[in-house]
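So, here's a batch of structures to check.
There are two complexes below, and they share chain A, which is joined by chain B in the first and by chain C in the second.
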Partner chain A sequence: MHIVDGALSNPVVIGGAVAAASGIALGLRSLDIDRLPTAGVLSASFFVASLIHVPIGPSSIHLILNGMAGLLLGWAAFPALFVGLLLQAVFFGFGGLTVLGINTVNIALPAVVASVLFGRLIARGTPLQGAIWGGVGGAFAIAATTGMVAVSLALSGDEFLPAAKLVFFTHIPVMAIEAVLTGFAVLLARKVKPELFVKGVTT
Partner chain B sequence: MAHILGQQDKTLAEAGGRPEGLISPLDPRMRIVMAVVFAVVTVALSSLTALCAALAVSLSLLTLSRLPWRKTLKRMAMMDGFILFMLVLLPFSMPGDPIFTLWGFPASWQGFWKAVEIALTANAVILSLMVLVGTMEPVTLGHALHRLHCPEKLVYLLMFTIRYIEVLREEYLRLRAAMKVRGFRPTTNWHTYRSFGYLVGMMLVRAIERSERILGAMKCRGFTGRMLLLQDFALTRRDIAFVAGLGVLCTGLIILEFA
Partner chain C sequence: MKHLVLILALCCAPLPALAHKVIAGVFKSGDAIEGEIGFSNGDMASETEVIVTGPNGAELGRVVTDTDGFFVYTPNSAIAHTFSADLGAGHVAQVTMSTENVAQILGEAASETLKSSPDVKVQATGSVASLSHEEQQVIAKAVRDELRPLRREIAAYRERNDLQTILGGIGYIVGLFGLGFYMAARRKLAA
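== the complex of A and B ==
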């Protein structure tokens, strides 16, 4: 899901950086002293969760869980996911430096939108109903992220169109798995710590 | 936060012991700034000569840093694995002079060179980033970003994340061990996905509860929203020489591009 340096055109890279900066600024504003440790620990958990490999057929995929990040963090998902991407690029060489902005937007914006759309639905009703909406939110976030990756590639030139389509279609199984996992994660959280989604952690 | 990628895959600096190269004594702030400058210049390049020169600059930085060559380049190649499909598609999707035809799809030279260009740029940038910034202690990175006037809260968030990645990874491994003891083996079935979902949910619930304890402990010690970042940096003559040297090389790359 990472885009690397050199693939995108300058307007896309610059636009991404500006959008990411505004998202991060909004997210930081929503973090006060009491929420800072929560956001930090959650940011670390999503970093660790992204290292979990889930088997699918003969291959395996790694989790992204940006939908879940959005549900728990709201706008703070922007700085939290940015920090994760920064650490991945610097210490593990995934992604790139000039594309940090666009990569952050592609992952964090769907997270925030998912929390706006599905946040209330997940907190309402029985835990099972919440879990189903959680699954829908998880699938939505991945679909939106791959869609945005495809759009950022397509905007950079028509020659990327086949690659953009391929990114989208190869990620359909990822969407399904993220949906199921997010659903069960919400189910567990609703049962173990029901107040989590009711008041939200950071919103 | 080093052992994240598994036992064999530590961060590069730790994998090779502390490398006593010429990069690690340099001022972290200047290393970050120059990594950004180099990345921006490299992304702006498009001629193959200039891009090869940029990759050569990254490789010489790697030599100077005395990082283990094989491990570093292997990690760089891991990223290439991700973008391979895009590079392979490019010759077929870009119109131009045909090289050969595969199943009726013509591959073009223009697309091929575009793919080479992207691969060179991506590798040059990520290699220089790993060598210049990736060799720092993660905590030093936070301090240096603070001194470079990054937003305070963002730096705190970064420091929290760095601090707890290792803790949470251990917790994850504990939970996985508990699952294994109970006979869990991941395959492609509903039970696996449900178990992984519960695992993720449990990790997040525990993380939030942990953060409540952390906040309590910090408040008990008088935390008011400011952390004191005490590490101070001073520019030495060596740092200025490094900035000047890499600056000249970057200017050279730009000249090479337009020559």
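== the complex of A and C ==
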């Protein structure tokens, strides 16, 4: 999920940085004082989630949690995930500083799209219905991220289809796990703190 | 449904793990450069083409890694050698050996050929303490083989993330969002 330094061509890196900067600016504007703690907690969960490896078959994968961040934060997912990615790059060497922009876009944009597509559906109906849509949103965000990663690799000269297939298939387990996780998180939040989503949709 | 899951599982199986970090290292190995490329989770990059380039970007040669992710390259000129390999899906390994180290390798190679003749002379006089060139080579190879797992362990150790690092990162996040709070509160007070 983290593209490393030197894997992408310069136009893609610069384009990613510009897109990330505008996304962060938009996100910061929508980030009011009431949602700051949510953003902080999700940023920290994103930062730590990448360290929890789930061994599946011969390989191991890690959670990304961008779907959950997007559903809870909307555009504010951009700054939250950017902070997480920045610290991952600095502390663990995941990704890199030059590709920070494109990585932010690849992970945060699907999160925002998930919140636009599924935000209303989650806030509506019974908590269980909301949870199911939350699960769909969580899986969608990962799938969209794999697509974005493949596109950025394709724009840098890699063959699109093999790259897309590789990233997509290795992340099928992640999608399943995140769908369940996001679903349960939404279920819990709808029961104990329903205004979290209703508010997230209206602002 | 079961079949579909099985098919998908099989699709995933042969793919390399999309680990986060590519590790690559080069070491002096007698008169050659020995290198290792793999992922931080221990999966090595087997049968991957490594492109060797000079400081000006000119290609010096290509080598292919073995099943353990090892490759051996014999340098010809004392310039910095850059080894790069594309592991697919956005993973690129790149590692450079400096001019001094390459020169040292070449110097060793040159001195070894010079040394070999006096060695033979000593043997002929019946000295038991000295070792022939072949024996030296065998010992050097044995030592290298013994050191290889250690080297790998050190590389893995360097990639380890301990609790302090994680807590430090979380601390930064808390601090950053605390700063955000401060700014938001000031804006609210001013308004």
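One rule holds for everything that comes next: the second predicted complex is superposed on the first by the 171 of 203 C-alpha atoms of A that agree within 3 Å, B and C clash if a C-alpha of one lies under 4 Å from a C-alpha of the other, contacts with A are read in each partner's own complex, and residues count from 1 in each chain.
Note that in this section a residue touches a chain if its C-beta (ideal position, glycine included) is under 8 Å from a C-beta of that chain, and two chains touch if they have at least 3 such contacts.
Keep in mind that what you see is a predicted model, and the values were worked out from it rather than measured.
Visitor: So, does A:193 touch the first partner chain B, the second partner chain C, both, or neither?
Guide: The answer is first: A:193 touches chain B but not chain C.
Visitor: Answer with first, second, both or neither: which of chain B and chain C does A:112 touch in the superposed model?
Guide: neither
Visitor: Go through the superposed model and pick first if A:49 touches only chain B, second if only chain C, both, or neither.
Guide: First partner only, chain B.
Visitor: With both complexes overlaid on chain A, does A:61 touch chain B (first), chain C (second), both or neither?
Guide: A:61 sits against chain C, while chain B stays out of touch.
Visitor: First (chain B), second (chain C), both or neither: which does A:149 touch?
Guide: second
Visitor: Between chain B and chain C, whom does A:173 touch in the aligned arrangement: first, second, both, or neither?
Guide: A:173 sits against chain C, while chain B stays out of touch.
Visitor: With the two structures laid over each other on chain A, which partner does A:81 touch: chain B (first), chain C (second), both, or neither?
Guide: Neither partner.
Visitor: Would you sort A:93 into first (chain B), second (chain C), both or neither based on which partner it touches?
Guide: Both partners.
Visitor: Which of the two partners, first being chain B and second being chain C, lies in contact with A:122: first, second, both, or neither?
Guide: A:122 sits against neither chain B nor chain C.
Visitor: Of chain B and chain C, which one contacts the greater number of residues in chain A?
Guide: For chain A, the partner with the higher number of touched residues is B.
Visitor: Touching chain B and also chain C: which chain A residues?
Guide: The overlap between the chain B and chain C interfaces on chain A comprises residues 2, 4-7, 31-33, 36-37, 39-40, 43-44, 47-48, 51, 56-57, 83-84, 87, 91-95, 153, 158, 162-163, 166.
Visitor: So in the complex, the part of chain C that touches chain A is made up of which residues?
Guide: 8-9, 11-13, 15-22, 41, 43, 88-92, 94, 159, 161, 165-166, 168-170, 172-174, 176-177, 180-181, 184-185, 188
Visitor: Residue numbers of chain A touching chain B in their complex, please.
Guide: 2, 4-7, 13, 24-25, 28, 31-34, 36-45, 47-49, 51-52, 54-57, 63, 65, 68, 72, 79-80, 82-84, 86-87, 89-98, 153, 158-163, 166, 177, 180-189, 192-193, 196, 201
Visitor: Can you tell me which positions in chain A touch chain C when the two form their complex?
Guide: For chain A paired with chain C, touching residues are 1-8, 31-33, 36-37, 39-40, 43-44, 47-48, 50-51, 53, 56-62, 83-84, 87-88, 91-95, 149, 152-153, 158, 162-163, 166-167, 169-173.
Visitor: Which positions of chain B touch chain A when the two form their complex?
Guide: The contact residues of chain B facing chain A are 1, 4-5, 11-12, 35-36, 39-40, 42-43, 75-76, 78-79, 82-83, 85-86, 89-90, 92-94, 111, 114, 117-118, 120-122, 125-127, 129-130, 133-134, 138, 141, 151, 153-154, 156-165, 167-169, 172, 186-188, 192-194, 196-205, 207-212, 214-215, 218, 223-225.
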